[in-house]
Every structure is written in structure tokens, then in C-alpha cells.
Amino acid sequence: GSSKASSSHTTNQNSVAKIKKRGTLRVAVFGDLPPYGWVNKSGQRVGYDVTLARRVAKDLGVKIKFVQVNANNRVDALNANKVDIVLANFTVTSERKQVVAFAKAYMKVSVGVVSPKDAKITKVSQLKGQNLIVTKGTTAENYFTSQQTSANLLKFDSKTQQFNALKNKRGVALADDNSYLYAWVKNNPKYTVGIKGIGPKQYISPAVKKGNTSLLNWTNQEITKLTKAGFFKTDYQQQLAPYFGKEVKASDIIINH
Amino acid sequence: MAHSGIDVLTAGSNFSRLLGGLWVTVKIALIAILIGTIVGILLGILRTLPNRPLRFILRLYLEFFRIVPTVVLLFLFYYILPKQFNVNLPAETVATLVFALWVASEMSDIVRGALESVPQHQKEAGQAIGLSYWQLQRYVLIPQAWPLGLPATVNLMTRVVKTTSLLMLISVMDVINIGQQIIEANNKTAPNGVFWIYGIIFMFYFIINYPLSRWDKHLNKRRLEANH
Amino acid sequence: MSSWAIIQQSLPLFQKGFFITLKLATLGILGAIVVGIICSLIQYFHLPLLNPLVTIYTEIARNTPLLIQLFFLYYAFPQLGLRLTASQCGVVGLIFLGGSYMAAGFTGGFDGISPSQLEAGQAIGLSRWQLAHYVVLPQGLALSVPALAANIIFLIKETSIFTVIAIPELTNTALDLIGMYYHTNEYLLVLVVAYALILIPLSIILTYLERRVRYGAFGN
Amino acid sequence: MSTPLLHVSHLEKYYQKAHILHDVNFELNTGEVLTLLGPSGSGKSTLLRCLNGLEAYQQGAITFDGQAVTQKPKQWQQLRQQIGMVFQSYDLFPNRNVLENILLGPLKVQKRPRAAVLPEIQQLLKKVGMADYADAYPRQLSGGQKQRIAIVRALALKPKLMLFDEVTASLDPEMVRDVLNIIRQLAASHAMTMLVVTHEMDFAKQISDQVLFLADGQILEQTPGTQFFEQPQTERAQNFLASMDF
Amino acid sequence: MSTPLLHVSHLEKYYQKAHILHDVNFELNTGEVLTLLGPSGSGKSTLLRCLNGLEAYQQGAITFDGQAVTQKPKQWQQLRQQIGMVFQSYDLFPNRNVLENILLGPLKVQKRPRAAVLPEIQQLLKKVGMADYADAYPRQLSGGQKQRIAIVRALALKPKLMLFDEVTASLDPEMVRDVLNIIRQLAASHAMTMLVVTHEMDFAKQISDQVLFLADGQILEQTPGTQFFEQPQTERAQNFLASMDF
């Protein structure tokens, strides 16, 4: 990997000092993932991650610039210096830790599986040999590729396509972060999260480029500060609660550091 | 199915946002075509020179852009080259650049072909009255090659416009990306909005390309009539 | 892990993608050629009723992106009761798009036949369909070989768009591996090489064919 | 020679607005050779093409071999087997060899058995001195050779009438003779009725039973035999003949 | 007429392996007309093209107007202003009108002022009977008219030598005369040195000061005046002349 060789000298570009000098923080977010990162009717970026992003920029004292990404190019957006920080429902995994630097987690999830109510999937064994829909580059894909290899994965580029495929019965079920699936079934009552959580509990963190210690440290302090100040609770109430059903409680999602 | 979902198009600022996305798409295509055409004409002329190494290099350039699918080019220029060469351009600029380089490569071949299909005796007639190399290009070859290459150029333009649909794969807020945002944002109220959104995008592309394709047809017809 | 090891690990997946790309492209291109020939003959002979249909079809197919055509085939058609697998959608989409390009290419070839050839055929009493069979098709197809070659290469590259309907062809494989393991350089390199493996030999064969046809058929 | 083989009366031909042929009348008896002379653009080719259904005419009547021409495609297709035509641009089909070019008509159009046709064609090929070239492709032949094959291709259908439109105009000067000789033989044997457009005056003089002089789409003179060349009646014809020899 | 205007010695020309011209030697004095005769493929066009730098030759020497030809592109570009050439395919530039076609050389190549050139060109156009066509585009002209303009285009550079390569070969018979007449006038006035390839034997007879007979790339005869036509020396030439008239 030549990627390692070049990473050290480009790091400085994104240090806290540089960002302040530049006057803008570039944040990678999702654009089609309500309620985390999406664009509402009037064209404004909103969501749990987006609110966090705005707060982070504000605390840094700079303007914010959003870069919309898909799940499978979050890492490259960082490493190619397209963004300073990723706040896009980014689950911490050991593979990812090797290529980006994660700050303290601000959310916890695990992989869930959603299926039609009239053909409910409740056990992983039911997926054997069946088509399971995932989005490229998600934790769910990773889990079903490395831990549970019996399902036949259909891999899409975006959330929009993934859910369309499920509605079209391209697969028997769809796997993604469970909190997100709860939100989705609330809008789509014919479906249910039949498997509420599989695999270990996972954490969602901001990610910065490897070696960018100044921004990493700053972000860690920021997360701690915000947690103490109850920011995430408010964020949850405003952005997530309206989307989630009764099955979910704030404590299922947010972390008390 | 009580709800057709067509109001997705009119809700909020949805339609104007789609138009905004369309403008991004069109802008990238236009600038790329403009730059690519100019560069391509120069390269095309260079490719008719008897200089072998030069022709070989330009041929390699052409073949590279011909072989590598545009999706891959976009990834290459957006994510890999910045890492390797430490240049960092915004997504729209990268997209414009990739399309311009692609257009230039295809144009160079169109121009070369057109120049070579100007009848040999026209070139000789020009030489016979003592025209120099550039005078020959300027007064004889290029004016005659131009109508020969135009249909292929127009055809290439329609392909460029269509290929902008791949911009959704890098972080360009083109019309399809905006469309997907709208689809997700209105998922709850209008589950069938997806077809309307894709339908309108389909129409957008058609409306841009159809006149180009008519023009292409018209040019071809005129060329045929001139030939027979 | 060294780049080479990364590449080696990914090869089995790429190999799968390679053959999927090859298979779908072959089916799609063959279908497109058939559709193209039929449409161009209809246009050439101005067959009533069919001719305007062909015009509508080719204008729609040529002037809209394959990406959106696939979205419709894959996501919208099932609601209308027509349900195709992803691979079928890919092939149908490629035929739909490619057929219009092929039709334009063949039409160009047919138009390139000198009118005197047609008159020579008429003068010995050939009927319309005999003229098509013995004069228009053989000469027109030979004249369209350059366009055919360009279209074939274009369509093979278009298979990369199949990634949006989750067909694990080459591009999808690469994007997927990148999303999971983040070795972007290595995977894109393999991807480019894989396309080159298909396209370079093909391009050489087509150039050769072009040359043979040119010398074979047009020494009049 | 009771009724004429070909009878053309009051033929009028327009291209859109342009009036190309004006009230053309003539007849041609079996075994006769009619040459059609006239300046460039006078309508000679157009007249020939009307006689072979390659152009539609707007008024007038053509009777061929007792049959009224209706201008229906089906009828033309059948008539064309009896009216052979050879063009200036020797239009052999480049993708078929000499024999295949010639066989196409007899086998596919007339559906005659190959075994019956082959000996006839060998005969014809020998007559034009091309017996050894049955397997050659058009690109391997010289212009004169191609034109000879084009004549055989038309003759192979055993037409009752042959139309020749400046068949030597695109040939190198040395090859002109070979081709004209073949037509001359056909004329001399009185085996074939012919309508010939040519710019070779000596040749025309030798073969003509009748001469038709066309100018601006009108027949200005119609004279038997060589009389036309010695005493052209109209001034147009005199000027025309003067311009032809140098 | 002390030193010849054009001197060609031991010229050898190959296309790859094919030996096209063998040891060609001749000279041409100012004001003389040399006609180059020979069967098709004998190398007449190739020889003319060598004299205008459109083909490279491999051996031998050409001297023009006392200047040794080096075959360098720059020199050719300068020499071509003094050696005009007209081709069989009247190659007017289709995108420029008659006047623009003619002016290109004098204005862009020779950089003469427009005001000085225009009257000369009017003069030339009048001479060839095309004074009214200055604004016409090539597609609006007949073949003969185009060829006359092509001749004017070459003459406009005031060349010392004119090369004519079968300039009437693609013309309709009636137009041949107009074009040949112009060349004949040029020859008669002794104003122009000319090298003419033609298949029109009568014309050649009338204008030739010398005849060069070429066969298979070799000069078989070189005779002054009309002697060639009356008493060809070699059998090749006799056959050639026989094939030319009908």
C-alpha cells in the first residue's frame, strides 16, 4: 500500500488549526437515510447525524460543508481528503479501524433483519440459501459476509435502492442497523423487524483520517462534552423519536459515557 | 393504491430541487463537451501527423478511455488520484474533468477519422497550389472534415448527457441523487413516489437528448443526400 | 497485508464477476444485434405500422440512460405484473438500449449501399425480399461493421451499470469489496485489468474483422 | 415483325416540378437496334430507366411484347426478367463471385434448375472471353472485364430486350473496344433487340438500325440507319455531332 | 531557349518493392509542349506527381529553372508556385466559391495584395469563359466548368510550367472540347511550358512539340512533333495507337 506512505504528510491539511484557518468543516453525511442523514421537503439537510455535525462545526467556530456519500465510499471520502470527518451512521469495526480513526462512540446499534409480516423471518437459519438484501459497505453486509455466510446477498449502492428491492420482493428480508429498521417499519407497517439484533452490540462513531490526532482528540472531548450537556438526548427526541416505534427507547440508542 | 404519489413532484421545493440537480447534470455535460471538443480537435490533428511515437501515445490515451468504464474512471479520479498526487478537487470539478478527458479521447478519433476521409485528392490539390501544412489544415482539410465529423460528435454529446447518470456514484448532487433524497424523504407519505421521481428524471434526459438525436439524424440525412 | 495478497484474495470473486459480465454482455449484445437488424430492415423498407413503432422505440431507448431504464425494469415492472430476475433485467435492458444503437448502425450501413447496386438488383428482377437477402443485408452488414464494433465495446462497458440492480458483475464486485475492505487501489486495478482482458482482445478481433470485410466486399 | 416488341406513346416524365421527358413516342421491332443519342442531361438515362421501372412516369403508355405496362411493382419484377439493363457503373455485387453474380437471376428469380442454367452461362462467358473467370471476385477484374460480366448477367435471364446505358463511359480507353465488340456481335446476329445509349459515334454508326435524337427531353429526330450521321435534320443534331468529333 | 526549363535524368521510382519508373530521362524547353502518352498503368501520372513533389522518387535528379530539386518539403512548397498542376478529378475546394478557390494561392501562399491579383483573375476567368461565375460554388458548376476553374486556379500563381493529367477524362463528351480548347490556346500562344497527359489523340497531335511514349515505366519513344503519330517506332506504340482509335 502506497496509501500509507502518503497519508502522513496530507494529515496536516485537516488538523483543527487548518480547519479553523479554512473556516469550514467538511462533513460526510448520508442524504437518503432518514432519520439520521437526509434532506427534507424544503431541501434542508436534517437528521440525527446532521444535527450533530452542525453542532460540531458550531463548537469549532467554523462554517459547515456537507458532502453526501454512500455507505461504500465513506472511507475513501476521508482518505482522499474529500472530507474532514465522517458522521454517517458509521459503525466501528476492526477492518475499518485499520483504515480510519474512530472517535468516541455516540450511538449503539446492532444488526437487525426486516421482513414482510406475512412471511416473517425470525431466525438466521431461515435465511439459508435465500436472497438477503443489504447495502454495500454497511455493517450488516460485513456481518453476513464474514459471520453468517449462508444467505445469498444482494448488494445495493444506496438505501433507496435497497428498500425498493425489498418492496419488490427481490429478497426475503433486508439486513441493516436495527434502530434504522425500526424507523423504517414505522412508515411501512406491512413489514416487521423479525430479528431484532444479531451479532455483538456495535457502536457508531465519528471517524477522521488516520493520523489526524488533533481533530481526533478534539472530537473525543466534544463527544464527552455533548454527552454531559445532554445534547444527544435532545437530538434523539427531536430527530429519532418521531420516527421510531414504541419498541425503541432512548437508552437503546444513546450512550452514557 | 389509493394514493398515486404524483404529488411528490409538487410537494415543498421538490420540483425546483430536481431542476437544480438537472442543472448540475447539464452544466457538467456542457463544460465537459466544450473543453473535450477543443482538446479533442487538437489531438485529432496531431494524430494525423506522421510522427509515430506521438501517434502511439495518443492512441494509448484513446484506448485507455475507451476501455475503462466511466464508473471506474469516476472512482479513479475522485478517490485514487487525489491520494496519489495530493491534488484535491471538488466532486463536480472531478466529474467535469473525467468527462472532458473522455470526450477529448473520443473526439480525437472522430476528428482523425474525418480528416482522413477528406478525399486524398483535395489534399493534393491544396499542396499543388503551394499551401503549407497549417494552411492546408485551415483552408482545405478542417472546413471539409467538419461536416463529416459533426454527426458523430452530436451522437457523442447524447452519450455524455446520458452518462452523467453515473454521477450519483460519486458525491455529485446530480438530478438522480436529488431524486433519491426526495424519494427517501417522502417514503412515508408517498410510497409510490419513487416511480414518479424516476419517471420525471427519465423525461428530463429524454427532453435534453431528443433534440440532439434529431439533429444527428438530420445531419446524417443531409450527408447521404450529398453523397448520392 | 501486501497489495499482492489483497489482490490474490479477491481474485475468486472477480473471476465470478468476470464470467457474469461476459455472459450477460454476450446475451445482451446478441439480442441487440437481432433487434437492431429487424428494426433497421423495418426502417429501410418503410414498413407501414411497424416503422413508426420502431422510431418511437429507438428514440426512447437511445435518449435515456440505461441506469434509469434498469430502475424501471427492476423496480417498476413487477408492480405492473412483469417480474424479471436481476440478470434478466440486465440482459433485457442491454437489448433495449443496444437494439436502438445497433439499428442506427445497420441503418447507416444500409444507407451506405450505393443506389446503383440496388438498381442492378432490381434490373435482374429481384423482389423486395430477395433484394434484402442478396444485396442489402450482405453489403449493408459489411458496411456497418465499424459501427457494430463500436457498439459492442460500448455495450460491454454499459454492463458496469448493472451494479445498480445488484448483479454481482465486475464493477459491483469491485465496489462491494471496496466498501467492505477499503483497498480501493488494488480492487480498481483488478477491475481495470479485467475489463482490459475482455476489451483488448475483442477490439483486436473487431479491427481485424473490419479490415477483412473492407477488403473482401468493396473492391468494386 | 408484325407488332413491335416495344411501343412507347406520349410518355411524360417529371421530377417534382421539372419536366424531363416531353411526349416521347417510338417503337422498336424485334431484332432491331435503336440508338439513343443526345447531349448530356437530355433525358436518355431517364427514358431507359422508365423502360425498366426504375423511374415512374406520369403519363403515356408503354406496351411491351403485347402487354400493357401498368407500373405495378409486381409486374415490373416480372417484366424485368424480359428486359435486361446494363449501366455505366458496372454494378456487380462485390460480395459474390462472377458465377454467383450471374446465377442470381436465373436461379432465384426465374427458379430454373442450376443444371440447366450452368451450360448456358459457360457458353455466354466463353462468348465474352471470360470463361476462366467464373470464380473471380469483381475486385479482381478490370473495368472492362466487369462490364462484360454485367452484360452476361443481364443476358443470362434470356431477355427479349436489352437496354445499354453508356456502358463504356467509365472504362479506360483501351478497354472500351472489348465491350463494344460484344454488343456489336449481339447486334450483328440479330438475336437481340437493343436500345443503346452511347457517346461513341463510330460504334453507333455501325450498329444502329434506327437513331433517336433526344434534346431537352424531346425527340427531335428519328431516322433509320446511318442517315442520321450523314444528314442530321435539325440544327441541334448538327451541333451535337460536331461536338462529338474533334 | 538556352538551358531547358525542366531537366529530368535517371529518375527511378518505387512503391515499396514495385519498380514504377525506370531510368526516365528527358528535358523540356521554355514554351514547349510535351505530351506524355502510354497505356493505363504505364506510370504517366506517377511521373507527373514526382515532378510536383506529390510522390518522392528514389534516384535520379530533377533540375527546374536551373535549380536542383532537393525533395525537401519547404523547397517543394516554393517550387509548386512555379509548377502548376491540374488533375483528372477537378478538385475545387467545395467549401469555397470560385473566386475564393482561385485567390487562395495568390493571397495566402504568395501573399500578394488582393487589389493586384483581382484584375488578373478577372482576365483569366474571361479567357476561359467563366467571368460570370466568380461567386458560384463548385457544386453549381458542370464538370467542364469546374475543370476550367481548376486551370485558372493553377494559372493564377503564374507558374512557369503546367502539368495536366488527363484533365478531360472525367468529363462528358460535349464538355471535353471547351477544356481542350483552353489548353490549346495556352499552347498556341507559346506563353506556357506544358507537360500534358491525355488520351485524346487528335488533341495530342495538334498541340505536341514533343511526344514521350511511356510503357511499363520506361520511355520507349521520344519524338518531336507529330512524327510519333504517323510513324511510331516500336511495336508497343503501334499497338497503343491502334487501340486508341476505333
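A few points about this structure:
Just so it is clear, A, B, C, D and E label the chains in written order, and each chain counts residues from 1 on its own.
One rule holds in what follows: a residue touches a chain if its C-beta (ideal position, glycine included) is under 8 Å from a C-beta of that chain, and two chains touch if they have at least 3 such contacts.
All of these numbers come straight from a predicted model, not from anything done at the bench.
Annotation of chain A and chain B: jointly contacted by C, touch as defined at the top. Shared contact partners of chain B and chain E: not a single chain qualifies.
In this assembly, D is the chain whose CA centroid lies farthest from the centroid of chain B. The greatest centre-to-centre gap from chain E, using C-alpha centroids, is found for A. Mean C-alpha position of chain B lies 19 Å from that of chain C. Spacing of chain D relative to chain E, judged by their CA centroids, is 36 angstrom. For the pair chain A and chain D, the distance between mean C-alpha positions equals 83 Å. Separating the centre of chain B from that of chain D, both taken as means of CA atoms, is a distance of 52 Å. Contact of a single residue of chain A with at least two other chains is seen at positions 2-3, 73, 76, 79, 157, 164. Counting partners per residue, chain C has 75, 79, 114, 163, 175, 178, 184-185 as the residues that reach two or more other chains. Contacts between chains, counted with the stated touch criterion, involve the pairs A-B, A-C, B-C, B-E, C-D, D-E.
Interface residues of chain C facing chain D in the complex, by the touch rule stated above, are 114, 116-117, 119-128, 130, 134-135, 138-139, 142, 215-220. Across the complex, chain A is touched by residues 11-14, 17, 75, 78-80, 82-84, 86, 88, 91, 168-171, 173, 177-178, 180-188, 191, 194 of chain B.
Interface residues of chain A facing chain C in the complex, by the touch rule stated above, are 1-3, 71-73, 75-76, 79, 95-96, 98-99, 133, 136-138, 141-142, 145, 154-157, 161, 164-165, 168-170. Put simply, chain E touches chain B in their complex at residues 52-54, 76-78, 80-81, 84-85, 87, 89, 91-96, 104-105, 108-110, 150, 153-154, 157.
Within the complex formed with chain D, the chain E residues making contact are 39-40, 172-177, 180, 199-200, 202-203, 243-244, 246.
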